[in-house]
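The structure appears below as structure tokens.
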């Protein structure tokens, strides 16, 4: 079975989604255990794959038994070997944490919800694991479609926001598809490695250049990179918390992964950084993305929306880091995929818990939460520290690499933007903490005059949250190992 | 917005035109796309899968994995439509007035304040906006539908030799039921193909596909490597591939049919299932 | 024969233009439906013609058949709209 | 043999004067219905498939069985109905072809006539048909639609026709000869 | 060989697309979108993509127009652009 | 050019002629109801003739497969004959229900 | 110079003790006695662990422990050297005392959320020791930030409007500067040198251009805003809204001393004396510090609120330390380092006294305390001793450090600074002595208190007596601290 | 001039796909009605399908279904130049399916929006949101 991990990784969630879908019509109580078992299996396979990659190097899995340029193949190398466990574990933890919330929000549609959830995870895992450019598009659409479904079930404004997301997402996916078509027209191949092999003589071609730009624009649309970010905040804010805490951590990050995959595997660093002279412009865009994300977040009086703008800023981090054009920047970007997924998960799960208990996430709803939900808020503090970039939480270390990369490539503006965004994050989060901490005001100190005592979310929601918080710190402490044993090999030698 | 749109369109269009300048000429037999991978497919498909329709062979075998997810896309669209639109009985406000129609005489009865007629053969429940189905349309469709269905099944079964396959057949099959709903009444169609059945068939269809793949996996070959089915079907591996393609096409057909009907039911009745288009 | 078929099909394309004009200028939705329906019936003929041009008419018959069957579903659906929506709200039928 | 089956395609009006009796939950479905449907379908299948190896034939059997199971009660064929179809319809169809051809020439004449607007004078003609069966009515209505300058606007189940005629000449002969021929084709003229 | 038809239909397709977007009535737009679909189907078959043409025929004629009409039925025909 | 081809051409051209009539008719006729006449009738007959021509042409190289293909083409005709009046009726019915009054002599075309 | 190093987990344990006690404290929320016993226990254990390392350090050995290699070339790493030992010793010993005092103060005022208070106190102490034992800039930064955030709930303990605005100010200054200045400076240093480990001669020597090094130097100097060097000082008076024990330990010992400790560490361990000398960077630092000393003292003169007065006094005194380090002369550096200890004991006594007065009378302003000496003689006596220590007069420890500083200025030939030192001592006297005078020697009719001895609870009084006593003892027996400081200076300058 | 015309004709498919794509893109950006945008989206998607199918076209080749595919002479030699490239067709089948799925979801969303706001015009919806 060890050999079949790459297939199992994607197929198990898919099959279980179908089983869950049927179970939703037969016996609703079966849905949750099946879903958890499937995601657990997927996580197990993902970790197993990572270990195998560490042992043996790149793994190629031929689907249908056809060898790569003919059939579709999975390539698991260090890059996606690292991202896979993150995706599956984030999905698993979030599912466990949101069981109660889902039952509360969709008592009649548990089956469809879990089905969509599992399909979404299938899509995301598939995107990460696949080695075929077109297969990636199909999986992209699975992740997107299920994402629309999950996101649209929320507040009153959710459908409109989601429809906008759908428009943007479709344009993005179609652009990607078009880019793949351009590559196909000049190379005749769809396999990523194969395309990379065929491309070098064609680097000067207009078509390849356009293919690259179109693919990038498509992927940027999907990941909400700055000028193309407009759909993200509303779509994530008004969604239900179980969906937003799955999608916010994973979708943008997986898209960043796709971008890095395009840059490193298909187009190779030589083309991206030597033949093209775009990296300065993109880094400047990233700078604007970070600054705008931070500033727009400042303007929000609503925790969830504020977090969505932080997500926008974080996308700027990763894109900028990847485009700095040196090893440190790329390391930072890849590391930040992992870290940002985890910390975004953490803060969105916190929002989920708050919504579960308080039924709101505007700043006014947060009053006195430190007393009411100490564990949840504790996790929020850890998540916030990570987003701010306080050691030893993991957020610090990716920021470290990004800044070092910025310094060594001379993009001091990018460094300044990172620092600025950290500072703004401090303001953002401590504004929230203040509200949670001070209000309602205790006018005369001395006695506990807060109404009500502790009113924490259920254990099943708090424990995964705390696990995430601990993971944030552990990942931070093991950054060195991750970089030395995994990321270092994920970046091609050619990149200095 | 219009000006922004125009600017974006002009910029993108310029980029695309710029790129198109370097394309190989249209319908050039020597273009890379025609000379790199496709000769293998064209020349080897018959040997390797014994399916004359190369598109079907590539679709369901060489790139069968894509197609599995394509089916999943359709399935998830169905689930999403259901998830978004279906108003469950709990949320649905029970109408004050119910309408029934006596089947034999066509007399419509209006019952207020929640009175019900127990389900019987004589009366059927109808909707407030019920319109009597048109005789010509109804009769015409009544006769057409079975043939449409037969044609759909033919398309699924003959995907190997002529254009078509699971997806097209499934769509036509679904369209036949949609035609029933349009020409008669949504209730008629739903009575024939109940919601639960559709939902389960959707999943079953995709399950047939993915399950075939998983069966190959259990038979110690890679996922979707149909030649593993040779053991089970007692044929040689190449024929096994051909049969495997048929099996997955059937799965696709079932899934697509059920999903199309499911989406139509939800969209046309806005999730209430009371009255459709 | 091929050239006859080719010119016939070009002529059919021209006829489709005429039908398309009706579909474009309306004035009511129903006029558009007539136009589109006419395009559909010409398409069936055109499909078979293309089949002859490719010398593979047996492959194109299926498509034409499917077309003939399904084309009228769309028309029925659109006409069904008016059966159900009659008098329900007074949206301008005319432009 | 089942009573229903004896009636043939045109004789349903006794039990199903009211339309959509096919929706009635209590409608009896006899086994013969399925068998007949199956064979009709199989005939069509053979035309469609064009492959006579056992594999494809068995697929055809399965498909036809599925269609019979799904839609036999929609088609509602009977053995006698089929025979009638062959024996009595063919002459009618030939006659109809002739009429259609005439109708088309007429309309084409109108279409290409430079002063077309003066020639046409649309009006709605109403009449009541003697026909009773659903299928007979529908056949009549469709035939009207296909023949000279007339389109059926509405048919009630009782046989009230509203016909849109493009000019005076087209509307006058209705119901006329066509009704009689259809009645004959469906065996209603003597009943 | 058959490229003249290709050119003709391509032009028609553009006209149909613009028409579908310009019509100030959603039902009309969906009907014209159906016409656009037909054209596309013809185009695929002209280019020899029979399977794609078949799919487009069954989807465009059988399903997506019906979906559009159903959605318009459930919402509104009104549009300002 | 043998006799068969001539028959085919005649049938095809007459079919195209009727189709032309249909296309021109729906452009020229003054109102919705009268436009249905060419759309419903001429297109049907035009298709019928053209299809017959195709069926005959296909039998040129006679074989079992060609015969079946011709039968299929005729099957299309059958379907058109079933579907076309139904569709026409559907459109008319919609027009009536939407409250469209028929054009009468002397009005402007619309 | 090479020092022997041994690897031992002890420094980590010293940090972890107070970290691990936090969950216990949380769990014991409803049982104050258990909670406070645990606090004491942790404080004692921590002190003992640190004490157990003293002989090793005095032998000239360093203790090293690597926690995790997070970035190539940079690990989260602990290293105990003489300077760190000195600082750790001071803060851990004072934690015990402060714990006792906290109990008295908090119980005396029946404060709310005492569990939270003790938890974050413990956290803050962990961070302080962490800073003391950091082996490189990254570790230093880690614990520095941890301390910043752990102190925030303590500063804003009262959760009222004033606390809120002070808390904001605190964060703005501390976190803003650390992220805005220290982080980039650290990263630039890393990309210049490829390492962040402190070394006795600094690791930046010979890497960057002169302006860049200068820029880095000032980014570090102001970045560690906990050192309260002007203009980044005003968080400190604002933070005085915290409960007095917090002010006492954190704003007289842990937090602010962490600031100057960091500055000292960076100046010596990152830049190195040679580099500073060669670029002549120490002179501006000296003048900035001098300015802060003078300005702080002058502002303190005009304060009526006792704690604010102490805060400005602290600002001034902290710059003594920076000044001492920046002099770069062996004597001056010794004096600066010693001043960490001496000022800590003196100032904590003063804060304890202020707190005790508040507990006993509820008064915060000096003008309301005329004649208080009769009511609380022990407290005010301790206050007197503490203020003597700050002024730098015998018989208190402060004298020694100031003496060394004066020697240092002479050694460095900075005569104007000598003047600054002397003037500021006079100013110190000018703002402390009137209070003491009024407290004891006012006319009975002016006295605002009944003439009856009524001290604060014993838990308050005993600690302040202890610290006052230690202040005095330190004059006569400064050996441990002096030796540590000298060792450190020797390792830096070789003298 | 003749050069230009021949370029235009030779790549007519590509120019038309660009035109269609831009029409769709413009509609998605500039149209105000949500369903119109969905129509635009579909046109956008079909434009890409057109592009792909155009890639596959091969002069002088027939449709990619093997002649004499079965029977005794099933294994006679097949020449790649005789058949149109099937791969783009396969890809585009998937893309069409994705298009239908997206269409269904988009329409479902539009219906939900209509239920909430009773209009499909984006500016009217936004005005309603702003009022609240």
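As written, the chain order gives the labels A, B, C, D, E, F, G and H, with residue 1 at the start of each chain.
Heads up, the rule we're going with is that contacts are C-beta pairs under 8 Å (C-beta built on N, C-alpha and C of every residue); 3 or more make two chains touch, one makes a residue touch a chain.
What you are looking at is a predicted structure, and each value in this text was computed from that prediction instead of being measured.
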{"item": "Most distant chain from chain B by Cα centroid", "value": "G"}
{"item": "B-C compared against C-E, more contacting pairs", "value": "C-E"}
{"item": "Where chain E and chain H are represented by their mean Cα positions, the distance between them in whole Å", "value": "10"}
{"item": "Distance from chain D to chain C - Cα centre to Cα centre, in angstrom", "value": "23"}
{"item": "Inter-centroid spacing, chain E versus chain D (mean Cα positions, whole Å)", "value": "31"}
{"item": "Residues of chain D touching at least two other chains", "value": "44, 48, 50, 141-142, 152, 154"}
{"item": "Residues of chain G touching at least two other chains", "value": "none"}
{"item": "For chain B, residues contacting two or more additional chains", "value": "16, 20, 23, 27, 31, 33-35, 37-38, 41, 53, 55, 59, 63, 66, 70, 73, 76-77, 80, 84, 134, 136-137, 140-141, 143-144, 147, 151, 155, 161-164, 167-168, 172, 175, 178, 182, 263, 267, 270, 277"}
{"item": "Residues of chain F touching chain C in the complex", "value": "5, 8-9, 12, 15-16, 19-20, 22-24, 26-27, 32, 35-36, 39, 43-44, 46-47, 50-51, 54, 57-58, 65-66, 69, 72-73, 75-76, 79-80, 83-84, 86-87, 90-91, 93-95, 97-100, 110"}
{"item": "Chain F contact footprint on chain C (complex, rising order)", "value": "1, 4, 8, 11-12, 15-16, 18-19, 21-22, 27-28, 30-31, 33-35, 37-38, 41-42, 44-45, 48-49, 52, 57-58, 61-62, 64-65, 68-69, 71-72, 75-76, 78-83, 86-87, 93"}
{"item": "Touch list for chain B against partner chain H, complex", "value": "1-2, 4-6, 8-9, 12-13, 16-17, 20, 23, 25-29, 31, 33-35, 37-39, 41-43, 45-47, 50-55, 58-59, 63, 66-67, 70-71, 73-74, 76-78, 80-81, 84-85, 161-163, 167, 263, 266-267, 270"}
{"item": "In the complex, chain B residues that touch chain D", "value": "103-106, 119, 121, 124, 132-136, 138-140, 142-143, 145-147, 149-151, 153-154, 157-158, 161, 180, 184-185, 187-188, 191-192"}
{"item": "In the complex with chain F, residue positions of chain D that touch it", "value": "44, 47-48, 50, 100-101, 103-104, 107-108, 110-112, 116-117, 120-124, 141-142, 145-147, 149, 151-154, 164, 166"}
